[in-house]
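Chains: A, B and C, in written order; residue numbering restarts at 1 for each.
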Amino acid sequence: MNAVTTYAAQSLAAVRTSFADRTNFALQVAGMAVNNGFWLVLWFLFFAGFRQVGGWRLGDVARMLGIIYTLFGASTVFFGGYRDMAGAILRGEVDPLLTQPKPVLLRLLARESIPSAWGDLITGVAILISSARLDLGGAGLTIAAIAIGMTAWLSTSVIFASLAFWFAGARSLSRDLMDFTLMVSTYPASIYSGWVKIVAFTVLPAGFVAMAPVGLVRNPSWPAAAFAIGGAAAYGALALAVFHLGLRRYRRGATPGS
Amino acid sequence: MPPAITVKDLRKAYRFSKRGRGFTGALAGLLHPEIVALQAVAGVSFEIAAGERVAIIGPNGAGKSTTLKMLSGVLEPTSGEAQVLGYTPWRQRKSLAYEIGVVFGQRSQLWTDLPVRDSFALLRRVYDQPADAFANRRDDLVERFGVGGLMDQPVGRLSLGQRMRCEIVAALLHGPRLLFLDEPTIGLDVTAKAAIRDFIREQSLAEGLTVVLTSHDTRDIELVCERVIVINSRRIVLDQPTDQLRRRFIARKLVTLQSQAARLELDLPGVTRRPSEPHTTVLDVDTRQTRIEAVIGAALALGGIEDVTVEDPPMEEVIHEIYAALDH
Amino acid sequence: MRSTPPWTTRTVSTLAAMGAAYRVGLAAALAAWPVLLGRAIFYGVCLMVLIAFWDKVGAQRLAGTLAVRLPPGGLGVYVGVTEWITLSVPAIQLRLEDDIRSGALEPHLLRPKPYLAQTIAGEAGGMSARLAMLAVAGLLLLTLSGRPWPAGFGLAYVAVLGVIGATIGVLLYTLVGLTAFWLRRVLPALLIMQKLMFLLGGLFAPISLYPGWLHDIAAASPFAAHLAFAGQAVIAPSLANFAGALGAQAAWFIGLCLAIALTWRTGLAKLMKEG
């Protein structure tokens, strides 16, 4: 419980910091909202011309984007430290955290909140409210999907960022890998097959970040839920393992920058 | 009372693979890595009693920071033992963390974009401190260290000296029994250094705080610590009370004079001239024999002095002297 | 007192300086080969996603939709070409924004060689390395995919139109960078430019699929010269199309250079006056 309240306090402090420059904050939020709006317009144009792709229509894509924008936005507002975690590791900023009693990973995640992510969060919630079913069951399922997706997304990001414990190039590589994962996530799942689908569920787990949670909302079933939750939990466990292995390596002094 | 710190033959070697040059080199490095071992600490042993103030000094790369990191739980040693306040640092890191305060000169534990006050409040939660006791202690430290006027400013906007003062207060907020300071005065101006040294010494005397600081500034030893451990080439070469070291090695100053005359003639006991360019005179002064004021006074009496600088001898020279003394 | 050399001498020496800057940019990009490799991988992942998408759309061939107008082989190679150009263009606007805002421009203005021309040349050098690297990656992926290569001189048309198109991209981003004389941050101008490139340049879909009015707007815009023409060269390679595209690119190249010169002069005058 202590860890949760400490985390909440730090995360809220990071959020307050992001508000500090009001103009910049407003510009970033508005900019991201416009950016997301543009993508929606493009999809609208696409479906006007092509009607559907792999059984997915505009409504399906809208709901998918709503879920993804929301989970990405919430992750990056409240756990935004994942974005530059590789950089923090390489700059040796883990040292002071090791001399303090709280878990290092939580401190790293709570240290930053990215302003533009509020734009994603707002856009995502707006899309979901306007396009999703408004009944309690539908809302509950959507919230569960977002929670599952957030777990998978944060876990994936932690794994990528933890590569910094092993090599210095991880700072830009982890950013690229996160971008790839998002890119793969923001297209209808029905387009992927064969080895591409395998990659999308393993190396760049867009499968568990977006496809499985969105699939759960489109076609709810217990197997679908088990698959989505199981996948996210597995990535969560992997993230913790990789991070702590990396931290042990850091504490042996084998990390560049330590 | 048991010692605060016990260290037995602590060693640390970093192992890394040598990187080849260019694309082929990098590829070769992946397939057949050439592992190089770098000894950072080659077996140090010492004890520090509770309430002692000890400086660990030495030139860059000597192994000071590595030793401190091992004792604070940041790094694991390659071999050897250590007990800090009854804990093995690298195994009982979290338990130890509640009892120690650490200040890294180069890395901050404060939140850059938040006001100092908020950073302190967050640290209360990190260390699970009850609100009332914490508030009292915070107010006391803030007043003693004179950072009251900085409390509402973002940490990032403070000068280095101001930030270091806040870092030290932050490290003491949870009432630790032991304070580790890694290069606390690096990059600071004279006034800021003096303030920090005074504070650390007074705090230690008032609360029986054990202090271990690393530095390559000899004044940090003189003014704060009662004992100095000299590390050079990854080993301890000297472990003595400060006043003994001072008497033996730090009674020297370098006085540099810029003059209109190409060469100045000064003949004073304990003052030797060092080689220098024309119009510059570098004097090595043994302050036990001749005081600095006398040297400067004699120089000014000659007339035509344009600039005077007084400095401590470089750390390397002190170490060199220590070595020279040890050879005898 | 030295008199100003005649404009012919000045032009020759400017071109020489640009050549030197180009070589430096190229060498720097080649030295940072891990970054080039990373970009090639980025290219591969983009293609993986976009081709999966368009192949699915093409495979369905839904009647009454635009899918029937897709080229028989799908849009795989088209996407490869447009992404090749897009990912090769350097972020010159960031450099210009930095130099203009930080005052790093001033020492350059005191030198006899033109800052802007040299900066563009240097970035073009880096771009050449990227174009080459991504071209190799693209051709490798095309071979491995088993898809048919573009008919006739398609690849040759793509190469020419692509390189010129990428250069036009640099000029467009230069205009974005020069807005730093007036705006505090170029980001809003950049985002608008990128959206226009995406829509009117055919990065979203070939402009031949657009409704007539949108197609005409796109084809008349510099964004088509930047991207769409090179992409079209794999869908419908023909000498007539190639010649037409080349003409349009030449016109836009000259037009954009003039626009840049004008914007630069105006911005510089503002900077000199206000500091």
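One rule holds for everything that comes next: contacts are C-beta pairs under 8 Å (C-beta built on N, C-alpha and C of every residue); 3 or more make two chains touch, one makes a residue touch a chain.
Owing to the predicted nature of the structure, the values given are computational and were not obtained by experimental measurement.
Comparing per-chain C-alpha centres with the mean over every protein C-alpha atom, the closest match is chain A.
Look at the CA centroids: the one farthest from the centroid of subunit B belongs to C. We define each chain's centre as the mean of its Cα atoms; on that basis subunit A and subunit C are separated by 31 Å. Separation between the centroids of subunit B and subunit C, computed from CA atoms only, is 54 Å. Distance between chain centres (mean CA atoms), subunit A to subunit B: 42 Å. Those residues of subunit A whose C-beta lies close enough to touch subunit C in the complex are 27, 31, 34-35, 38, 42, 45-46, 49-54, 169, 172-173, 176, 179-180, 183-184, 187-188, 190-193, 196, 199, 204. Across the complex, subunit B meets subunit A through its residues 12, 14-16, 40, 66, 69, 72-76, 90, 93-95, 97-98, 100, 102, 104, 106-109, 111, 113-114, 118, 121-122, 125-128, 154, 180. Across the complex, subunit A is touched by residues 34-35, 38, 41-42, 45-46, 48-49, 52-53, 55-57, 60, 62, 64-67, 187-188, 191, 195, 198-199, 204-205, 209 of subunit C. Those residues of subunit A lying in contact with subunit B across their complex are 2, 5-6, 9-10, 13-14, 16-17, 20, 92-93, 95-102, 111, 248, 251-254, 258.
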